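Look at the two complexes coming up: subunit A is in both, with subunit B in one and subunit C in the other.
Right, the complex of A and B next:
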């Protein structure tokens, strides 16, 4: 098995998948704890559906670099969802559900009506479930992912304390002089970038798992904001193991990674359960 | 902890460094001179490899390929030429792609070929055939066909 793995690692596209997979899982897990604590666990799902709709628009317009369409649309919707006033008529979860289902429906409709490919079902399936996207990356995709991931990581490290503050108590953070609106905007932009990147790894339907599972797993074991670090480690390990299992066993990459995240969650859940029983 | 972190950093640097080496790692040459044996790879790897062959054919020209898939044929109505293909599916079974092939031994269609959808194995040389309009397609030439 090791020989087979080393043989596979000899191919550039496998190395690209590992690099991109590691970076995406690292970035997605960083904001997971924040989103879970802010009760926005489902935003990943909503935004990934928006990204799917944007991808359909890019396909209809025959834009070569579809990132030019997907990223601005997803960022705009993320800002609208996360930075809305609390007094709006459509509340957070309802707004996400509305945008999620609406974007998915419009995206599929556009892909069917203005089909540019002979295999619409295949295109939709690939976008929704990731399929082989991660193993068919070109060097330019990898460089783009490295740049965007670096921006996300640097932003998170620089503003770690402010994000920490607004995660737990927005009113207290505002009282201490933190520009809450600006940092909510920043979180919205970062999460949109992560979602667009993560679509390559696990597909639009499974993006939420990358955001939520590592955070929830870490929060079972650690009760402080340190769980962000643990979530990042869990996420990276699950993605790496998932990618390697997928290429060795011939299983779909996205769902294998999510299966690994579920296993990690169960282990953390059991660890917490056993620890609580001893006390 | 620091040792582990430094190891992870070194691996990450090596991975990033590997980006600059974009040469195709061909399969090891075995006794029967197969450069890339897709029959020994997992379905995920096979799909990814065929994708690479279709999108970046230049890297594979001249290499001996062995692949297992499903037989398919198609006749170009304008030229009358019949194409034969070995088709594979991805792990989700929603997408399929394949490579055209041309047998070394002259065969008559349909008598000397398998039924549509039958499982086949082909071994041949990877080439890129350019058409008059400048567009081309990858094809396995001098192929041996095993039903």
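Right, the complex of A and C next:
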């Protein structure tokens, strides 16, 4: 098995997949903690559907670099969803559900009407479940991913305490003079970037798994914000194992990674369960 | 930034600290507080009472700077700075299940001082420990917030407010949902702080305690805001108590 693995690692596309997989799962797990605790778990799902819709628009417009369309649209929607005041007519969860379903429908509609290839169903399936995209990355995709991930990581480390303060208590942070609006905006932008990146890895439908699972697993076992954030890095291990298993067993990459995340969650759940019974 | 809690109480008597003039606060199209004039003096222990929905919490949010006035203004007098005001909001559902240590929560109070460091210095840590000691939670420093009792949670949040507060503390129903023992402890801590020179503004439903401890009481039931159809319909029976800004 080791031999087969080494054989595959000789291919650049496998190395690209591993680099991108590690970076994306690291970024999404860090921000995932904040999103889950702010009760925005569903935002990952909603935004990934928006990214799917944007991808369809990019395909229709035949743009060469579709990131130029996807990133601005997703960032805009993220800002609209995350930075609204709490007292608007359409409540947060309803707005996300609406945008999510709407973007998915429009995306599929566009792909059907303006289909460029003979296999629309196959294209849609690839975008939604990311079955192949991570294994067909070009060097430019990898560089873009490295740069964006580096920006996300630096921002997170730099503003870690501010992010904690507004995650725990937005009102208090505002009262003590933290620029809450600015940081909410920053979080929204970072989240949108991560989701667009993660779409390459696991596909639009499974993106929220990358955001939500590591945080939920870590929250079972760890008791401080810092340890939960650090422990969310188990997601990196899940992604690596998932990619390797997918390559060796020929399973779809995205769903294999998510399956690994589920296993990690169950292990954390059981650890916590057993620990509580012993006390 | 250092411990300014021990201010000499006599030096602060009857200087206005906060002045609200023609203050209007509300959400969306609704005005909850309308053209309200009020002054809070240094050294006050002010209790705000009134029935649910009459605007007590909204008023406090306005004072804390969380809610911006729709009209009128809140002036900080006597050289009071925004970051010298501590605020204890009502606990939210999300916080009850939040994985964070007490230390992390209390230290987060300093984020308003616009520091961008990944670590807190020893001066801030000492100040945090002092505030934990003042609220009798120093032994909980490493504990996990979601595993604390209601009373302990409330005292930890008070410690956080205290870290930010040097002169004024705004407390939103600090004893709601606490058992009698925790309630008594909370009142004792707040009293001690007041004696040390802290100005206290507290929203509460506990009228008995308010009359016992406060130096002033503001009854929102007796305030009639002009041109306001959203609050206090006439059909609601009048409150059984008739305290209006009395001095005890």
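Following the convention adopted for this analysis, the second predicted complex is superposed on the first by the 273 of 279 C-alpha atoms of A that agree within 3 Å, B and C clash if a C-alpha of one lies under 4 Å from a C-alpha of the other, contacts with A are read in each partner's own complex, and residues count from 1 in each chain.
Going forward, contacts are C-beta pairs under 8 Å (C-beta built on N, C-alpha and C of every residue); 3 or more make two chains touch, one makes a residue touch a chain.
None of the values given here were measured: they were computed from a predicted structure.
By the touch criterion defined above, A:102 lies against neither subunit B nor subunit C after alignment on the C-alpha atoms of chain A. By the touch criterion defined above, A:135 reaches subunit B but does not reach subunit C.
Once the two complexes are overlaid on the shared chain, A:228 sits against subunit C while remaining clear of subunit B.
With both structures placed on the common chain, the touch criterion links A:165 to subunit C but leaves subunit B unconnected. When both complexes are overlaid on chain A, the residue A:12 reaches subunit B alone and has no touch with subunit C. In the superposition on chain A, A:146 makes contact with subunit B only, not with subunit C.
Subunit C contributes residues 27-28, 61, 64-66, 82-83, 85, 87, 89, 92, 94-95, 98-101, 104-105, 107-109, 111-114, 116-118, 120, 144, 146-147, 160-161, 164, 170 to its touches with subunit A in the complex. Residue ranges of subunit B in contact with subunit A, taken from their complex: 12, 15-16, 18-19, 21-25, 27-28, 41-49, 51-52, 55, 90-92, 94-96.
On the side of subunit A, the complex with subunit C involves touching residues 37-39, 87, 157-162, 164-165, 168-169, 171-178, 219, 222-226, 228. Across the interface of their complex, subunit B is touched by residues 7-8, 10-16, 18-19, 22, 119, 121-122, 125-126, 129, 131-132, 135-136, 139, 142-143, 146, 246-253 of subunit A.
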